[in-house]
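Structures for review follow.
Look for subunit A in each of the two complexes below; its partner is subunit B in the first and subunit C in the second.
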Partner chain A sequence: MSAAVNVSGSLRRRLLLQLVGSAALLAAVLFFAVLGFVRTVAEESHDRILLASATSILDSVSVQAGEITADIPYAALSMLGNVSDDRVFYRIASPAGVLTGYADLPVAEEPVQPRQPLFETAAYKGEAIRAVTVSRRLAAQGAPVAVQVSVAQTRTGQAALLEQLFRSALFLGVGFFVLASGLAVWAAQSSITPLRSLTEAISRRGPKDLRPVTRPVPAEMSPLVLSLNSFIRRLQASLARSEDFIAEAAHRVRTPLATVRAQAEVTLMRVENEDNRASLREMIRAIDESSRAAGQLLDHAMVSFRTDSLERQEVNLTALARDLAERLQPVAELKDIGLHFQSDGDVSIKGDAILLQNAVRNILDNAIKYSGRDRTVRVRTVRNGGWGNIEVEDEAGGFAGEDTEALTRRFVRGANAGETIGSGLGLTIAREVAEAHGGRLIIENSQTGAGACVTLCFPLC
Partner chain B sequence: MRHALFSALLTLLAFAAAAAAGFEVEERHWIGPEDGTPLRVISTTDTAILEPLIGSFLEEHPEAAIEYTVANSSEVMKAVLEGQEPFDVALSSAMDLQTKLANDGFTRPHRSAATALIPEWGEWRSHVFAFSLEPASIVVSAAAFSGGEALRTRQDLISLLRAEPERFRGKVGTYDVSLSGLGYLFATQDARTSETYWRLMEVIGSLDPQLFCCSSSMIESVASGEILVAYNVLGSYARARRDLADKIIVIDPEDYTHLMMRSAVLLKGGRQPGLARSFADHLAAAAWSQPPAANYPFAQPPVAFVDSASPKRPIQLGPGLLVYLDAEKRRRFMAEWFSAVRKH
Partner chain C sequence: MRFLLVEDNESLAKAVLDRLRLDGHVVDHAPDVSTASAFSGTTDYDLILLDIMLPDGDGRSFLKAHRENRKETPVIVLTARSEVSDRVGMLDLGADDYITKPFDFSELEARCRAVLRRRGGGSSNLRRFGNLQFDPMAGTLSAGGRTVALRNRELRLLEVFLNAPDRIFSKPNLVDRLFSYDEEGSENAIEVYVARLRKHLAGSGVQITTVRGLGYRLSLE
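What follows is the complex of A and B.
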């Protein structure tokens, strides 16, 4: 019954993809945010050092004897050298012209307001530079003069720093992503765990286990479990109805059949004509077959009902088998069949005596039914390890390479059934009883090869 | 072997090209095979000093020859700035000028296993590569100081000069900072480091000092007894003069001793960039391998010795050196210096 399921996608995979996707998005956002932040910080700190340098140069500018002169402090430029190995340029200018430094430095020609430094990015001598210009008013020869100081530095060191920061931010982003992905796998795994455990619990159930699911499940799964339980209930009701119907039908058919058979027997005694007698015998045979089938259907319904609510009591298998053998002795003797019972001691299990009796009787019935005259049927109870066995061995020819498993299915009959009356339910009943008790039914050829050996195995308590 | 190689041609071309170029050349040599690929080196270092290193370089590069031009540091600067002659490598003791060349974009960067040997303070942005570490020392006459006067710091020197002005009048020498780039570098670094320097200059200035263009002439003047004390002389040169060892005493002041680094830069205008890199590597490997190459001409740079606790510290390469090259700053410094030294 493992029909293919129409699978469309996977919850786990979808969840995983969504979580990993969000992680990737967040990692990218983190990466760019950190990068942007450190870039700003790096640029600002570089600007601040440039400003400090320019300001200290500006402070050294003074008017001496009416002339503007500058005495650049050593630290003004060496502080830039301490930060990075970058090239440094400077210029001190007044409206009259460039006082000293790199005259062609591409910085603001426009007057810069005092205390409002102007930062610029430009290209100079084949490299990108960052420049700051600061201004100050001096009084030279009685007139105010605005002196502008510019300090510029190439950005190789800053670029190297940014590259390093870029790498750090990248590691951070990648690390975040890897960690988040790991957590996503875990989260996806754990969120489908209840579903998986419910599935396992249901698929572990026996074929007849139609109890509702009572285990606790997450809220999201309760509609599913509710539907499942309702489905199980309906299935159970439907099964019970059909069993009831069969049992009812069998019961109703059996009683009139007994009347018809009795009438046929009476008629047979009265009829002289040989042809008519043969017809009547054929009729009686057919009636027997029908009533037996009806009986077995009833048995089967009874077995189904009792196994659904199995009552376990101490049952002595030896006594049970001996009792049955004795009861069937007359039937066996009618066919000149020797029915022997053997036992190596009491074998007891926990179980339903009526069911067990029914199972053993069906097997014994079969053995007697299929055996020819002057054959022997042996019943044995054996203790075998943890198992208590009832073996029924006949000399009815056995199975020639047949599928013995198939014989236990409903309404399947062996190749040698021939004219023998039977419904094909006997071994099914025996197997269902065995399985209801946690045991199994083994059908094989006997060791002598003369017939079959059917064994009911039950776990000992 | 080595002699065979570069005795092949050693032509003195001194002053030949000087007129054509806008800079002053002291001497010019062709070292190596006549038809060799020429590596053009302009240097402040005398040929004789670097000859062993050049020889071993040519042994490794038999296809090459070196045209070695000697000029003083400001002329080296001028030669590069004018760019009339396509020099490949500039070697100079003027760290400030080398730094300016690198800062103003006249040099090529270079990184290699050999440059990785250079200590962090001996290299600037992979453009300036130091290959020596030489102290700015005080050289005194052994005859005049046989009495065993303690002369360990600048303060000692000041006290001595003040105590006996008549003995030292006209007998003290130092660099003329307007003539020598190295003298200017030493003077500016001194001025930056300690106020003692200006007091020393005031004292020297009161003694009618002699001003020199270069270390070697100061050393010879001390040896001859013409002067008794020379301040800020290249200690490496003085110690290299084994012939004068008993005539002069070389003192590295204990208050502080600046260490000048001779350095190489690879020039953008050069025609043999590959050979130039090899040459820089050769110099760096010779100087900074432990131990240095056998033919390395300077005293082994005391790399392990250079730390914050030591009074010997290398002049720091970097943009700080550009400050005293500022025309305005230089004008002010010169004025101040000459007013101190040329008082009388």
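What follows is the complex of A and C.
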């Protein structure tokens, strides 16, 4: 399988960015809301104290003997001192003029409606001040006189208080953001977890494990798992179909060939005319040729198919080679060829027994096919460093300066092929099986020079 | 020897029957699993040749039942399926060997012989001709207290002669019987094998005579 996947963004990163972005926005909103609120509250309370102070001064203003007099209560100014150390200014005025206090206090000169205090922010003596002006009508000398009292205070303390409040609001906002970001990481992580565990469960499976996924998954992932399962079912069906098809094709091709061959062989025993005998022999040769080609092609299809999803089980190469040698003994005997097996102990590798069997069988078939009568074929399994080898050595003449590498290509046959029936796929199959198992196929002349030595090398487990 | 052939393809079955009968074997033919079970339940066979795809079931189920009934008759499976996919299962189910269709009769014979030899079913098939004792399973020839082991082609040549004593076999005919069709079997090679056999037969009262222009014949001296 290729590792190339078309990756577009990360679900986790996207989720994380969205959550952190929202957290930042919320933190900013929170910060400004809190700041605005406390600023309003601080100003209102300050205004209320100013008003209380002004009102109590206004209350102390009275008319005595026709004159307006004010006896400013101590508490009226000291209550402002409780708020901060800011300087306090006041002024008591009537339409006739300023009675007492700071005449140049920059407050409203126009009459202020009774019970409707007027708040102002202004600059006085180089400092920002907050002032309130209240008024009241007094009866003096038979006519009502509007008395206005203004109280003002510099805003240094207020500014310090606001700065402190700003810092608190900032801490609150940043704290909120950090906490929310932490939660966002956790949320992104945990919402990805089922996806990740599903992936792990599937990638841990062996190549032949085509069971549907049954582990519990969140509702959002169920369509994914459903379509995955239906994909697995289709794959299973198609794999089974290919395997069945190859077996069925082999059956369909071979059965009629077997019939024709058997009949030709029986007829050959009865016919005496030399011309007829020659044609029958030709016919049998042709049948062998085509059945061998069909068989090898189907085997090659099956081998390609199985190497694509290689099963890896422990396979004892020694036992496998010994069994095959034993099985081919009758075929070797038919040609009076000695088939000998040797081993220096068990050699085991991880692989697909059926494929390995097919590879060794093809090499052994070749060795027997190309050997003349009274020759010897030797099969050996040996350990060689980190490799487990199966060697097949024959006495069939070997390769005289041929490109042995080319022999493993499809449909390429050796110079000695001559009349021998073959398809040119045997060594291709052997090489493909070796390579699928991480091994290789070596073709060379044997040390004695009497023939060829074909070696299948596999990495030991 | 007594064979049971289980094969649904009529023409293939007929050819196999003809060939085995030509070699002097007794062969029963069952075209499906039920007939095969009936035959094997009533007759003791030396060997069963079993096809896998049968009209009323799978040859494998017959094989399984056969082994579960503790029948010891060796079974050789005739398979037309892929070389790769089918074989391992066959041997696991208790088949003694398998051969892929289309098959060479000499290979089938060789496999039958190998299976019977493994099962130790040799002595009952001892054949006699004159003073000659021939054990086709062990591949030995005894005459006058002397036993020799025959090589494969000597053995097959002797079998051909023993199946039809006094019949004349032409050299081309013998070449076909002894060599596969992609081998270069020459008539000279036949002369070599006949010469070897003659040496083994010396003093047994049995001889191979040359009939000029026609071929060879096995007869009593």
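Here, the second predicted complex is superposed on the first by the 248 of 461 C-alpha atoms of A that agree within 3 Å, B and C clash if a C-alpha of one lies under 4 Å from a C-alpha of the other, contacts with A are read in each partner's own complex, and residues count from 1 in each chain.
As a working rule, a residue touches a chain if its C-beta (ideal position, glycine included) is under 8 Å from a C-beta of that chain, and two chains touch if they have at least 3 such contacts.
Bear in mind that the values here come from a model prediction, so they are computed numbers and not experimental data.
With both structures superposed, pick whichever of subunit B and subunit C touches the larger number of subunit A residues.
C
Pick one for A:V107: touches subunit B only (first), subunit C only (second), both, or neither.
neither
Which partner does A:Q329 reach: the first (subunit B), the second (subunit C), both, or neither?
second
Considering only the touch criterion stated at the top, classify A:L161 as touching first (subunit B), second (subunit C), both, or neither.
After superposing on A, A:L161 lies clear of both subunit B and subunit C.
When the two structures are overlaid on chain A, which partner does A:Y74 contact: first (subunit B), second (subunit C), both, or neither?
Only subunit B; A:Y74 stays clear of subunit C.
I'd like to know which partner A:A93 touches here: subunit B for first, subunit C for second, both or neither.
neither
Have a look at where A:L16 lands relative to subunit B and subunit C in the superposition and call it first, second, both or neither.
neither
One more residue to check, A:L427. First (subunit B), second (subunit C), both or neither?
neither
Output check: A:T259 vs subunit B and subunit C. Expected answer is one of first, second, both, neither. What do you get?
In the superposition, A:T259 contacts subunit C only.
Would you mind listing the overlap between the subunit B footprint and the subunit C footprint on subunit A?
none
For the complex, which residues does subunit A have touching subunit B?
69-78, 80-82, 85-89, 92, 99-101, 125-127, 156
Taking the touch rule as given, give the residues of subunit C at its contact with subunit A in the complex, in rising order.
Listed in rising order, the residues of subunit C that touch subunit A are 9, 11-12, 14-16, 18-19, 22, 53, 78, 80-88, 97, 100-107, 110-111, 113-114, 151-153, 170, 172-173, 176-177, 180-184, 189.
Quick check on the complex: what are the subunit B residues that touch subunit A?
102-105, 124-126, 192, 316, 318-320, 322-324, 326-329, 332
Which residues of subunit A touch subunit C in the complex?
So the residues of subunit A touching subunit C come out as 243, 246-247, 250-251, 254-255, 257-263, 265-266, 268-269, 272, 274, 277, 281, 284-285, 287-288, 291, 295, 298-299, 302-303, 306, 327, 329-331, 333-336, 353-355, 357-358, 361, 369, 373, 419-421.
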